[in-house]
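In what follows, chain A forms one complex with chain B and a second complex with chain C.
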Partner chain A sequence: MSRKTLLGLGLGIIALLLLPLFLPRFYVYLASIILLYGLLATSLNLVLGYGGIFQFHHAVFYGVGAYGTTLMLMKTSLPALCAFIAGPLVSAAFGFLLGIICIRLSKLYFGMLQISLGSLVWVIVYRWYAFTGGDDGIHGIPMPEMLSSPKSAYYFTLIITLVSLFIMWKMIRSPFGSVLQGIRDNPVRSEMIGINVRRHQLLALVLAGFFAGVAGSLFVVVDNTVFPDMLFWTLSLEIVIMCLLGGWFTFLGPMLGAAVIVALRTFVSTYTDYWALVLGITMMLVIFFLPSGILGYVEDKFKRGFIEPEIEEQ
Partner chain B sequence: MDAVYSIIPAGVLSQMFVGLSRTTILFIVASGLTLILGVLRIPNVAHGSLYMIGAFTAFTVTKLFGGGSAGFWMALIIAPLAVALISLIAERGMFQFLYEREHLMLLLLTFAFSLVFGDLVKLVWGGEYKSVPVPHIFQGFVPLFGGLPFPRYNLFLLIAGPVVAILLWLLTNKTKMGKIARAAAVDREMVGAVGINVSRVFASVFVIGCYLAGLGGVLVAPTVSVTLGMDHNLIIEAFLIVIMGGLGNIWGALLGALIFGLTQSLGILIWPKFGIIFPYLAVVVVLLFRPTGLLKSTW
Partner chain C sequence: MLEVTALSKTFAGFKAVNQANLAVEKGEIVAVIGPNGAGKTTLFNLITGIIKPDSGRVLFKKEDITGLAPYEVCRKRISRSFQIVNVFQRLTVFENVQISVLSREKKTWNLFTPSASLAIKETDEILESVGLLKKKNRTTALLSHGDRKVLEIAMALGGSPEFLILDEPTAGMAAEETSRCIDLIKKLSRTMGLTILFCEHDMEIVFGIANRIMVMVRGGTVIQGSCGEVRCNEAVQDAYLGGSDTCLKAS
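Then we have the complex of A and B:
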């Protein structure tokens, strides 16, 4: 990393830390949502962009993490910290379970099976009123005193997101990350030189599931609700769009994509009910005119350019 | 005691027939999906939306022709054609430029279309429930084995399914276009190299597949309330069926739809609240033993 990038990152983090001092309550909430969606999209990009695995139903792990945390908070008297650790762990376990069923299939086949099996999880959550609250979801989840104000929720989200991003960044730079990218670029050759392709991919799926679960737990902190739509398949494809829009071969691209889409959704929704139409047309434009995403485009233009990290701001 | 014993199997039997009529709809939609998957390799997420458009168009056409039997027959002809026309515009306008690109892009483009179609339906028809009347000839019940009442319309569906299956089989196996399409599914470059316009073949296959989605929508319209969001569950079910049967295999789609429809309807009988889980379990079991589906996949 060059000194310039480091400086930019530092400035960006300081800006994010100071953000709640200047912004009204709603925008603090919005910034938290953007951060956690960014984390979610980045975790997807770990397997989609860097792993080349067609993880089409990523929202399952997000939703499972959120429900795991919520149910631990509501149904047990363990300290809240346990709930926040349990949520992501349950997601990781789901990542392993779905991964081991789907991993034998390749590319699109994998993705289609995952969408279908993920929908099974959705159906169970949607129907099981006694345990998950069914289609109403669960509202007014009690939070520990420390996290109950929007500002503290924002800081909590910010710190966890930054730590998670740092861990993922390190992971991509590690030998494991290189192997993963090698598998993406040439699975046959990777197999030939003695890499256990399936095991690496499975580990990536578990890790991606874990961080999606972290994002889900953060949503519980920020919004104090869970609902079954959090693991509906349309959300999953929206996350894929975030990765694509920001640039799915760049590390911060998904974060940028999440920021753009969440902000756009918030503002479009205040004017019209037809958000899906706007999103659909945006997607078509991106697919045709910006296939490597915003950051991908910027990188192509300026090669080793300086990337503004203050993207989470409005 | 006798009465009890005779009632239970009768319930199972009638539920099985309900499942079979559901199978017909699922098969017609899934066969279109599998056709597109097999030849073009696009997992068409917008397929469910086209099915929904088919159902809504059926509502409008039926109303236009006075809401009677004639209206239904006209809808059966016009609505799938309307859906086919929409898909032709989408294919020629957008999809054809992306065949060389990543499949992920094609999938996302179909998702974009499903979002746009969903909102357009909301814009044109509004958010309320619509209902399409069952045509006069098919109103009422026919007695099945032992006087079990069975809706006539469902009987019609039971006949429609195999008819579509046979027509589709004839199309893909006995016509020149079908043969070219199957060849293109295996090796599209080679087909292009022998001087066949692959782009046009792809367009026709895409349109035929979407026509089937529309047809499924029209056929289902009299049995359910036509509403926004009817596409969301159906597309997942169709995906499952196609995966279970083997990608691109039309008989696989039939087999998959059969398993799906029956496990679903009998599952509801066993465990009313979670009956919907059984078809998913069936898929998992099938894939544990045959990871690439029951029948031979074209991939």
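Then we have the complex of A and C:
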């Protein structure tokens, strides 16, 4: 990483740390939501952009993590920390379970089967009043004292998000991450150089599930509620669009996409009820005009400056 | 070293490979020749596990490897290149080969060490030996076709193979690239002691580097023998080389 990038990152983090000192309560809440959605989108991008796996129903793992944490908080007397760890672990287990069922199918078929199975999970959550609160969801989830104010929830979200991003960033640069990108580009070739493709993909799905679960638990901290829409397929679509819009071959693209989409949604829904329509149009515009997303576009422009002369000299 | 017996594969009623036989001894260079659609690529796919055979056997160093998955075949030290370029197009030349080396070193489950610090020497050595070291930081999408074919071979070498399978290694190359590629194949055989199985359309290349030749027509083996034997075989001349003067010319 270059010095400039490090400096930029440092300044960005300082700005994020100072933000609650200046912003009104609602915007602090909004910033927390952006952060955790950014984390969610980045976790999807681990398998979508870097792994080339069509994970079309990522929201399931987000929702399962949120419900996992909530139910642990409400139904057991274990310390809150256990609940925050349990949520992501349950998501990871779900990632493994759905993964092992869907992984045999390729590309689009993987995505379709995942949408069907994920919708099944949604139906269960939606209907099982006794356990999940059904379509009402669960409100007023008790938080430990430390996390009960919007500001402390924000800082908690910020720290966990940064740590998670850092871990994912390390993973993408590890041999496992290289292999994952190789599989994305060419699964047949990957097999032929000795890589057990399905097993590596499965681990990627488990990791993506885990970090989606972290995002879900963070939502519980920020909003103190859970509801079945958290694992409805429309949210999955939104997360995919965040990745595409921000740039799915870049690391921070999904975070940027999340910021744009969440801001847009908050803004648009005060004026109109047709958020889905706006989302659809956004998606089409992105696909036509920015196929590699905002950050991808910027990077391409930037890189081209270096590469073109090199080719010419040949 | 490799022994293929009565290998067959049918695609929707079409016998792509039909009772093919092939033997390759350690240290040899064996060529498979045959017209387009004879089943050469399919034969290589069957040996390397990309396609499962309907019947027949593949023995490697006396061990039955029939129907193993490609990654298992690779771990037996059999590597291959593809006729249609099959590389990681979003990654750099270096990364393409490095992944192959990391895979052989069984480091692919490592989640936290930066790749950038691993297998550098080994990867650079391979790139050096095939002549791609200068272009190591280029994205493969930006390489010429010839360089990508060579990268194919470099990736195969990343697995430290004992047995190398090359599917039309020089196809689509310019004349100069072709001669460099042939030198490379000879070098791999001589100095690294690799056993090589390849298929190729250009008869000059085949007769120039192969120790023995297997002729394939309509999925089956017509003959396997030395260059001279193959040249003078009547069935081969009828089916493939066309005209009986090739034999006379050679002798």
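Structure notes:
FYI, the second predicted complex is superposed on the first by the 303 of 314 C-alpha atoms of A that agree within 3 Å, B and C clash if a C-alpha of one lies under 4 Å from a C-alpha of the other, contacts with A are read in each partner's own complex, and residues count from 1 in each chain.
One rule holds for everything that comes next: contacts are C-beta pairs under 8 Å (C-beta built on N, C-alpha and C of every residue); 3 or more make two chains touch, one makes a residue touch a chain.
All of these numbers come straight from a predicted model, not from anything done at the bench.
Looking at the shared chain after the overlay, A:291 reaches chain B, while chain C stays out of its contact range.
After overlaying the two complexes on the shared chain, residue contacts for A:159 are found with neither chain B nor chain C. By the touch criterion defined above, A:170 reaches chain C but does not reach chain B. In the superposition on chain A, A:78 makes contact with neither chain B nor chain C. Of the two partners, chain B and chain C, it is B that touches more residues of chain A. By the touch criterion stated above, A:189 is placed in contact with chain C alone, chain B being left untouched. Judged by the touch definition given at the top, the superposed model places A:146 against neither chain B nor chain C. By the touch criterion defined above, A:249 reaches chain C but does not reach chain B. Of all the residues in chain A, the ones that touch chain B in their complex are 54, 56, 101, 104-105, 107-109, 111-113, 115-117, 119-120, 123-124, 127-128, 232-234, 237, 240-241, 244, 273-274, 276-277, 279-281, 283-284, 287-288, 291.
Interface residues of chain B, counted against chain A in their complex, comprise 41, 43, 45, 94, 97-98, 101, 103-105, 107-109, 111-116, 118-120, 122-123, 232, 236, 239-240, 242-243, 247, 273-274, 276-277, 280, 283-284, 287-288, 291-292, 299.
Interface of chain A with chain C (complex): residues 170-171, 173-179, 181-182, 184-186, 188-197, 200, 203, 249, 307, 310-311.
Residue ranges of chain C in contact with chain A, taken from their complex: 48-50, 69-71, 74-75, 79-80, 82, 86-91, 95-96, 98-100, 102-104, 107-116, 118, 138-139, 142, 155-156, 158-159.
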